[in-house]
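Please read the structure below before turning to the comments.
Chain lettering (A, B, C, D and E) follows the sequence in which the chains are written, and residue indices restart at 1 in each chain.
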């Protein structure tokens, strides 16, 4: 009867090593926050936390439980100087020297196993166009790109976040396979941060949402489509073809060939059905799928092959969030997510699609020890006419749970019970609920635990 | 102008007669015309010898008397230029005197014999020796400013520096700074003189190349050095006088040639050359021959720009000397507000006016430093747009592998896209 | 799995959380030679710096366009453009035009009769004759 | 009862909301010869509770009135029964609900969806009987007939049969074929009506 | 009255950090981001975080004629000292929490005397071009005649006290309507005169609407 009452284990953040996945228990809401973003770190992802540009400080987030704390140590700055091409020289400011250095820092762990594509140009021949010297623009070019500076100001990013990092967030792995110049690791972290904030917002605002609706809502807030729309509303445009001469203010990734079937790349559940992997049920989606309950695409090929525009855009947004996190701290990142992602408009009442609402409501009333729900006619008109209207209310005892109007009694009953179920699922403790991460602010009010529901109704 | 023409017309009537009457051999024809037209003396003279003017005759005929009433010469007042009345009064007075004289007994002219030659006769008129003074080839006019104006900013700076050094040198030896430009500007001795501003004016650190004495000596004109020595007998002047016997600064000599070409190497301008025209054996440039004016200006301690020009005497002298050295005219509007040398220099050396807007914008540092502004020197062509989104390399590759021209005109594809 | 979630996308309410200026790029075109762009040139010399500093979120591109009238082109986030020809205008007028382009939303001008536009569902619901009136306290 | 159900909306229409009828008329009438007239006909008086409130004298200070709208309830307003125990707002809302709701009003009549059949009154013998009859002559003993015979619901009959391992796959299939044949005989209007009904039900399950 | 309240809103700093719009969008920073120097009215020193800046409705300058208020509004009026805390009448005191706990609210805000019925996220197209504001500015709307939720309605007489709620709107920009041209002719006269008109309108978006709690109002 009660589903996952003891512990519902599900995952937010991609099903990848460094994603935040948390346990939702009824003990305390704060506990899941602490477990929330404590990812297990793999080597390539350390490149992001390790970078420091000359002149811009790295501020480790105050009291962070995340990986950044221990990743900040053991980083060293390894400048790489590369002779720049003529075009690059022409766009340099007069101050710019004849030799340009592209500063990147890398963790000591990476030093030996990482190959610089400059040292042997054949390494990145997959993505780099032969006529452009490097796969992505140099970091110096970021300082002279008006587009990039305007984007930085438009998003009102903190001054601590340098333009070089912004330029790096715009380089997709499919454009520059070198981990220290693309936004793969940034996007990794940013996705976890965004999904964490969205999840705690949804769980505190609507504590009774069933898993399917929770998946749908989080997909509506920070799914790839939404993030792509957000990036386009920021005024970010895509480069036609990545290269070092491209304006650093453009999103760079290698686009799909026209006529490619998205189903081959996209994470649609149906093609897994075609492959015979037949999984259904929320538990498998919770455990095996990504934060939106969708299939994670099998790694066909490596990261560097072409990808749809939507994915590149969403990676860019995630990378921006994580770069704010890395440079300006946790509060800035939270504020950014609040303003750009959580402030958007979603009709959460329209996410539901019930199968057997009447029975489900009966089960609910039984579970909650309410009286058996009875459908009663509140008012009606034209019962014998061509277009009658019945207004039916579902009553449990003397209390009306839901109400619906329809041209037939059965439909009206269905509508009424759907309304009652929605009213149950969309219970919200208040307009301005506090989320656990509010406790990280300066001298917060004492935390009162949020309402944790015992789970959705199954029968 | 109009009056002259009318005059011409009024003259024309009388021309033949007037020209016939009093020919003055010393006048050109134009002058003759003027003379005749304006003077009525001839008419009066004619009346003296019994000739009555035509109008008078007519009036006498009309009135039948010898003294006809009314306006004599009724047409006289028509002319604006008619001064016959005044003249007439004057003439009448003269007539009376003449009559008085005639009334006197005339002296006898027995002892008078006309001169046969012009010896002893006094000469009247002529130009004196004006022609000699002005049009002689050996007295050439030389203005105060040199003919060639110095354009190069470093050179102008050097000239200002020199003027300051010389003025303060004069001030040191106590000579009045106003006769700074008494001497024709010779070779510049002051290249290595460092100036440091003080409360009162400035102090000069002379090098061994150019000592105070040499500077002063280069400033004093050769003609009146005795007088200067007389009037202020400083020992410096004495030993200047002493070595003046040995070295003549104004005497050109052999090393000038190589100095010249170093000067050519350094900064070839006419002024430099005519400075080089009178080089002396004491060559201050010999050490710094390889030095261009730019390096020279850079070699000076910039504090010399802070020298105050409050003292009007100093200021006048510096401005005068600078004008003499450079040939630039400094208007009062620039002289008045210039409180320090810097201000004066700011007027002397101006950045050239930019021809294009891009140059003007790129001179504005703060505009160029705004991160969200991008300024292009050339028109942003479609090719530039393709390049900025990275499509151009693909287009180029495709075109080349099809063997098509990349741009309409071959080989100029690189000429596009020079940004900033 | 009795209830199924429908896939939806959140709608942006620009200004409720963050505010994104809709004009993301202004390109100023001038001509060095033609007299019609005298005012434009003086604007670029004198006023452009103030404008650019005041609007850091707009990418400003200045490029010559020989033998053409001066133009300001505003590029908007919707992908639309608005161009204003500023020939023979003084620099103050050009500043006004630039601010007009900055303040515009990039949409096509439409006649609006209702002052308030909303995407929220009605707070008090849609009136229907089947429900009673309110009880007055 | 029924009469009262009819009366209520009509009474509402006639009593409080005459201007709305007026508005409907104005919207529907095509005889307005000018934009101005139709506008002036269409702008209805605001709801009386929004007019400045006069209780003999106009109220001099801010005040809150309770005027629930005459519209379908919103699902965002959780019924009091659904509020969890620890919700702070609960007692407040309960108190006000008791204040405002007229206490102990008679409940409206329930829907008689289907005639009520007794529950859990069949013994195992009856169930065995059901299965036997079904296996003897499935065509003659349909579920409905069995249900009528044993005075239980056809759902119960089907449950019994499925539990007892009677497979009615081919029966289902031929019933489906029969239904398809019937559907093929539908005319365009009925088909349209049925499709619309399906669409309506789909929307009903979504609740919008 | 409006523009006075605008000034007050621009100078308003008594905003709880929770309800605070992002700092870069507060009026000062909004100025700092996008304001052209011809309209910088609010002196930065008036942003001292100590001076609370809302004023009792009683002293709202509704007595002054409008033009004088507009002239007053040219100079930013310094934030008025905090009045004694608002005392609510008993029925208001026990009904206000009920109004506050309802899920969604609407407001009938008045700008230049015109009412606009709006909820959070609505765009309001003012029938005039508001001077001295640039996109991104945050205005505080403090004149409301109605503030309601689904079941309850707070009615002001004539205005709801501005200490009860917080409503902010952000300036989205300026829009114009397509040019109208009207052809004017006179009888027996060939002269045709075409009158053109194209007006600018300021667009606002209601970014925040909050009914304060009792302790927040009285404390």
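The rule is simple: a residue touches a chain if its C-beta (ideal position, glycine included) is under 8 Å from a C-beta of that chain, and two chains touch if they have at least 3 such contacts.
All values derive from a computational prediction rather than experimental measurement.
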Partner chains that chain C and chain D have in common: A, E
Set of chains whose contacts include both chain C and chain B: A
Most centrally placed chain, judged by C-alpha centres: C
Per Cα centroids, the chain farthest from chain D: B
Taking each chain's C-alpha mean as its centre, the one farthest from chain C: B
Between chain D and chain B, distance of the C-alpha-averaged centres to the nearest whole Å: 109
Length of the line joining the C-alpha centres of chain A and chain E, rounded to whole Å: 35
Mean-CA-position distance for chain E and chain B (Å): 72
Gap in Å, rounded to a whole number, between the CA centres of chain E and chain C: 21
Numbers and ranges of chain A residues touching at least 2 other chains: 146, 149-150, 153, 156, 339, 345, 350, 352-355, 378-379, 381, 405, 428, 430
Overlap residues in chain D, where contacts from two or more other chains coincide: 8-9, 49, 65-69, 72-74, 76-77, 89, 206
Numbers and ranges of chain B residues touching at least 2 other chains: 371-374
Listing of all chain pairs that touch each other, if any do: A-B, A-C, A-D, A-E, B-C, C-D, C-E, D-E
Residue numbers on chain E that touch chain D, as the complex places them: 89, 91-92, 95-99, 101-104, 146, 150-158, 160-161, 164
Residue ranges of chain D in contact with chain E within the complex: 49-50, 52-53, 58-69, 74, 76-77, 89, 92-93, 96
Complex contacts: residues of chain A adjacent to chain B: 87, 90-91, 93, 129-132, 143-144, 146, 149-150, 153, 163, 237, 239-243, 245-247, 250, 252
Residues on chain E engaged by chain A in the complex (per definition of touch): 18, 22, 24-25, 33, 101, 103, 121, 210
Partner chain C, residues of chain B touching it in the complex: 356-358, 360-361, 364, 366-367, 370-380
